[in-house]
Amino acid sequence: MTFETLLPYLMAAIFAMAFPLVTGYLVLVERKILADFQARLGPMRVGPHGLLQPIADALKLILKEDTVPKDADKFLFYLAPLLSVVTAFGSFAVIPISATLRIADLNIGLLLISALAAVGVFGIILGGWSSNSNYSLLGALRGAAQLISYEVALGLSLVTVVMLSGTLSMQGIVEAQFNQRIWFLFGNYGLMLLSFFIFLIAAVAEVNRAPFDLPEAESEIVAGYHTEYSGFRWALYMLAEYTNIFIICAVAATVFFGGWLRPFANIEWLAYPMDAIFPAALLFLSAWGCARMKLFPFTALLGISGLVFLIPAVATALSAPFWFFLKVSAVFYVLIWFRASWPRLRYDQLMDLGWKRLIPLALGALLANAIIGML
Amino acid sequence: MPQLNAVPMSWYLILSAILFTLGVAGFLFRRNIITVFMSIELMLNAVNLSFVAFSHQLRQVDGQIFTFFVMVVAAAEAAVGLAIILTVFKNRQTLSIDEVSSLKN
Amino acid sequence: MDAALFYTFAAITLAGALATVTRRNPVHCALGLIFSLLGVAGLFLLQAAELLFAVQILLYVGGVMVLFLFVIMLIHLEQAARLRQYSRQWPVALAALFAVFLEIYVLAQSGLPGLPPSPQPRLNAGGNTERIADSLFYVYALPFEAASLLLLIAIVGAVWLARKKEQPQ
Amino acid sequence: MPTTYSELYFPVLVQVLFAAVVAASLIGAGLFFGKRNRNSAKDSPYESGMKPVGSARERFSVKFYLVAMLFILFDIEAVFLYPWAVVYRELGIFGFIEMVLFMILVLSGFYFVWKKGALDWTLNPQRKAKDS
Amino acid sequence: MTNHLETSEMLLNMGPQHPSTHGVLRLVLKLDGERVKAVECVIGYLHRGVEKIGENRTYMQFAPYVDRMDYISAVSNGLGYCLAVEQLIGAEAPPRAQIVRVLFAELNRIASHLLWLGTSALDLGAMTALFYTMREREEVLKIFENYCGARLTTHAFRIGGLQYELHDTFEAETRAFSEMFKKRLDEYEKLLTKNPIWVERLKGVGILTAEECKSYAVSGPMLRAAGVNWDLRKAQPYSGYEQFDFEIPVLHGADSYDRYRIRIEEMRQSLRIIDQALERIPSGAIMAKVPKVLKPAPGEVYVSIEAPKGELGYYIVSDGSLHPYRLRVRPPSFVNLASLEKMAVGALVADVVAIIGTIDIVLGEVDR
């Protein structure tokens, strides 16, 4: 057993173990950014600047009572959140963090993500249906119809990517972007921007985020399909949701923004500035920010990691994950931005947007890209 | 890689046969029209399994393509079949195949 | 490893299938079918049918089964569960079952002479997807177009059926 | 590097299993540490503080069926599109025309559904202000 | 296309414990899918018998109670009550008190509309607006607090005038608020008015035409959004509103979107009134001569004012004793809420939320 053969399993284990905590911190980051949009501070009480909030939340959730409504279909009630989590985590397997850091490089990587997303629908339908609650059922119906509607547009926009790359492998897609010297976002003389636009809207709808958060619209149907869930079973739905958000951001970063590639990956002389100086500068900036917030341990940590990037060998090794996560964060930020700025769509508007506008548009984009690509 | 690990094709065929039998059993035994329909899907899958097994054995993709088409047709069939079930249910208020024996209302 | 995986997937497939034909609640039946289909998808993978694996999950599990669940939820479940579950045709069914088991027995006894053990699937012999695509769009171009026609007819028929029942009885 | 499909896909399976194990153990931890104090009011489904009326598993609009059916239509199309997209450069103009033909046929189904109003979710349009 | 099976309708309880029924309103919705077939309002969860209490308190004692009805705009409640009792006993507040009353009433109108804007935006999923409006409302509440020590249930006025002289920093605070708020209002509009989803969610939703408004006796912004130019501040000026130069915004859409725009515009007009009032606060007494023990002559009086939510009326019958013989409140929320059924039938669940939001109800006032 060499390290290389062990690496996928190691990564799988790390993902599975760490992501519950990572999700907690994603929530914290989201709350903090939202707070920033909304002229307030966000969580501040637990730990400095609320940094221990996720841990407190997790502890609270573990200590919560796990209720099962009467007349619920017990088996399905137990199974549904597990289904959601498992399908969400399965997609991790094909996300490449760098050329070597990945669990599996499948020939059908992109298709697998779509397929797992399609299975994820069952977590919502069965969860909502098994609760035997009116609000849950409404949420489940909304969720199921919304997910399958937007899956179409999502799939169609991804097909354009496949047309450019000529492969379904996530690894292959990034390599194709390297070889073609362009991020697919700007591919086909800018036509791919349209595809990305469709992808972004459909992706936001796919992960039930505002303005498409109808399945769990609090002000209308309380909590939607997970109204009856409590304790960690509820947390599993949240875990699945945030994992899906991460996945969708990672897919966007990989297929449209060149994945782990640094900007201008083909220009040799930019290697050091992009691989070392930019990350270091960014980390120093964050360190300075932490210093201003009097978070000195973090200042030190970020400062040291900034310094580490200045060592050429380390920079080469770390720059790929750095760029990958930077891009993922950027897309994540955009999702939060959406949430902060837009009201929620209504049900019929959601369906209209999906079927009558997005899908024809996606087909048009597909056709246009196909013609341009053939030339 | 030694050949020892490989699973003989006959296993797949036997599995396919068992699956098919289960489908037949469900098809014949069950009265709920939806379950009967699901049994048909089971049988289709059993057939798909043999197709793929043979395709793999003969190192040709034709079997896989056939499976591909079977899936597509099955999806179309499900769409129409379930629409028929809905109509039947609407007209007769029942799901029992024993009671839905005539084509006339 | 292949053998172990085969047994695992075969077990999932059969358990799911068994649940499908025996469970009383149609939602549970559907769930059984989902697992059975997933098991079959795994078996596809073991036989190097990579694309079919994904298509099985995407189309069959993610598409057809959602439709099934919707229809199950569309009609009264309580009523479905109250139905007498098994039909009167059981003698025929038993005979059919017996015939198939006989066949399996014969198969197992003869061990399928003439069939060598499966070759170990090699990776990326041109890529499964590419090979299927080439074959699909050249050799099977006509069936491919025919499929679209079938789909058109299916959708028109389904919508027509779904619409027809609005007319007052 | 993995040499067989089972080796290649095994990590994916492992990932899925890990996820299931972690999720199940989290639920288990919740069950173990969590309070248990059940009563009938707590076990009744949430209905804004009232007693629920009837079963929640009622029938719902057939529209959802139509959406799912349309989804299958497009799913099939996508399933054909993916392999096509992989090789469409090699297929050239022949493959392009083939796919356009396919899409035209499938989309005419979509058009039919659209025209039949299956995509109109607003059944009775909102009332209009008369005195404006 | 009536694309439905004969669906057995789903009965859904929305409320009393529901995030968007603004308190403890209970709606029993009869749903077909997501479409509302029938709606029944169940109220009374917050009933405290305020009117009956009024019959057992002296006129002065009862004054703080009115604040607890529409606790979002307590100042208006107090103003209406004071005006009614003053008319009953034939007193009138001195000019200074009147202007100060107008100032507080308009500040309160802004606070009330702000809370409305924030919460109904939150109901529609636009969560950011809530925090912005709460931030601005805080400034208004601070002014109240500095004036009388209370933020919400202020009991700012007394029968015959005011209890307290204005605090020293009042003018500066109010001017600063007015300056700041003008810019903030533009900010809200940037966030919402042209926001395509916001427009889509509100346009054509919950239409209540002018005739229907009249037949339901709907008042306030809802009425003016239906094209009826009716505002008691202009129609029957009280407390010196006739001295001010302001406009009554009127729109003709009769839908939720126009109600939203009316309220935004009303806040602008309130600022205009506040600016003018700050310029012309006369000096002088703040309290008219009112007997220590109120014993009005037998008679009855109905006085109504334009509260933020509509016409707020007090009907008081005196039998010459220390207590009112009968006290009846015409709460705008209660009357406006009656039109919910008209608007909600045929809408979607999400629309019901929007409609409740744009009616702008306070359950304390509905149930009393």
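Lettered A, B, C, D and E in written order, each chain numbered from 1.
Operating definition for what follows: a residue touches a chain if its C-beta (ideal position, glycine included) is under 8 Å from a C-beta of that chain, and two chains touch if they have at least 3 such contacts.
Only a predicted model underlies this, so the values are computations on that prediction, with no experimental measurement involved.
Overall, the chain located most centrally, as judged by its C-alpha mean against the mean of all protein C-alpha atoms, is D. Taking the mean Cα position of each chain as its centre, E sits at the greatest distance from chain A.
With A-D and A-C as the two chain pairs, more C-beta contacts join A-D. Mean C-alpha positions place chain D and chain E at a centre distance of 44 Å. With centres defined as mean CA coordinates, chain E is found 64 Å away from chain B. A straight line joining the Cα centres of chain A and chain C is 31 Å long.
Separating the centre of chain B from that of chain C, both taken as means of CA atoms, is a distance of 5 Å. Among all residues of chain B, those that touch two or more other chains are 1, 71-72, 75-76, 78-79, 82-83, 86, 90. Looking at chain E, one finds that residues 1-5, 10, 12-13, 18, 34 touch two or more other chains. Across the assembly, chain D contributes residues 2-4, 8-9, 47-48, 52, 55-60, 62, 64-66, 68-73, 75-76, 78-79, 82, 86-87, 103, 110, 116, 118 that each touch 2 or more other chains. Interface residues of chain C facing chain B in the complex, by the touch rule stated above, are 1-3, 6, 10, 13-14, 17-18, 20-21, 26, 29-30, 33, 36-37, 40, 43-44, 46-49, 51-52, 55-56, 59-60, 63-64, 67-68, 71-72, 74-75, 79-80, 83-90, 92-93, 96-97, 100-101, 103-104, 107-108, 111-112, 115, 117-121, 128, 131-132, 135-136, 139-140, 143, 147, 150-151, 153-155, 157-159, 161-162, 164-165, 169.
Across the complex, chain A meets chain D through its residues 4, 8-9, 12-13, 15-17, 20, 61-72, 78, 81-82, 85-86, 88-90, 92-94, 103-106, 110-112, 114, 118, 129, 131-137, 141, 144-145, 148-149, 151-152, 155-156, 159-160, 162-163, 166-168, 222, 227-228, 231-233, 235-236, 239, 347-348, 351-352, 355-356, 359, 363, 366-367, 370, 373-374.
Chain D contributes residues 2-10, 55, 57-60, 62, 64-66, 68-73, 75-76, 78-80, 82-84, 86-87, 90-91, 94-95, 98, 101-103, 105-106, 108-110, 112-113, 116, 118 to its touches with chain C in the complex. By the touch rule above, chain E contacts chain A in their complex via residues 10, 12-13, 18-20, 34, 121-128, 130-132, 135, 191-192, 195, 197-198, 200-201, 348-351, 353. Contact residues on chain D toward chain B in their complex (touch as defined above): 3-4, 62, 65, 69, 72-73, 75-76, 79.
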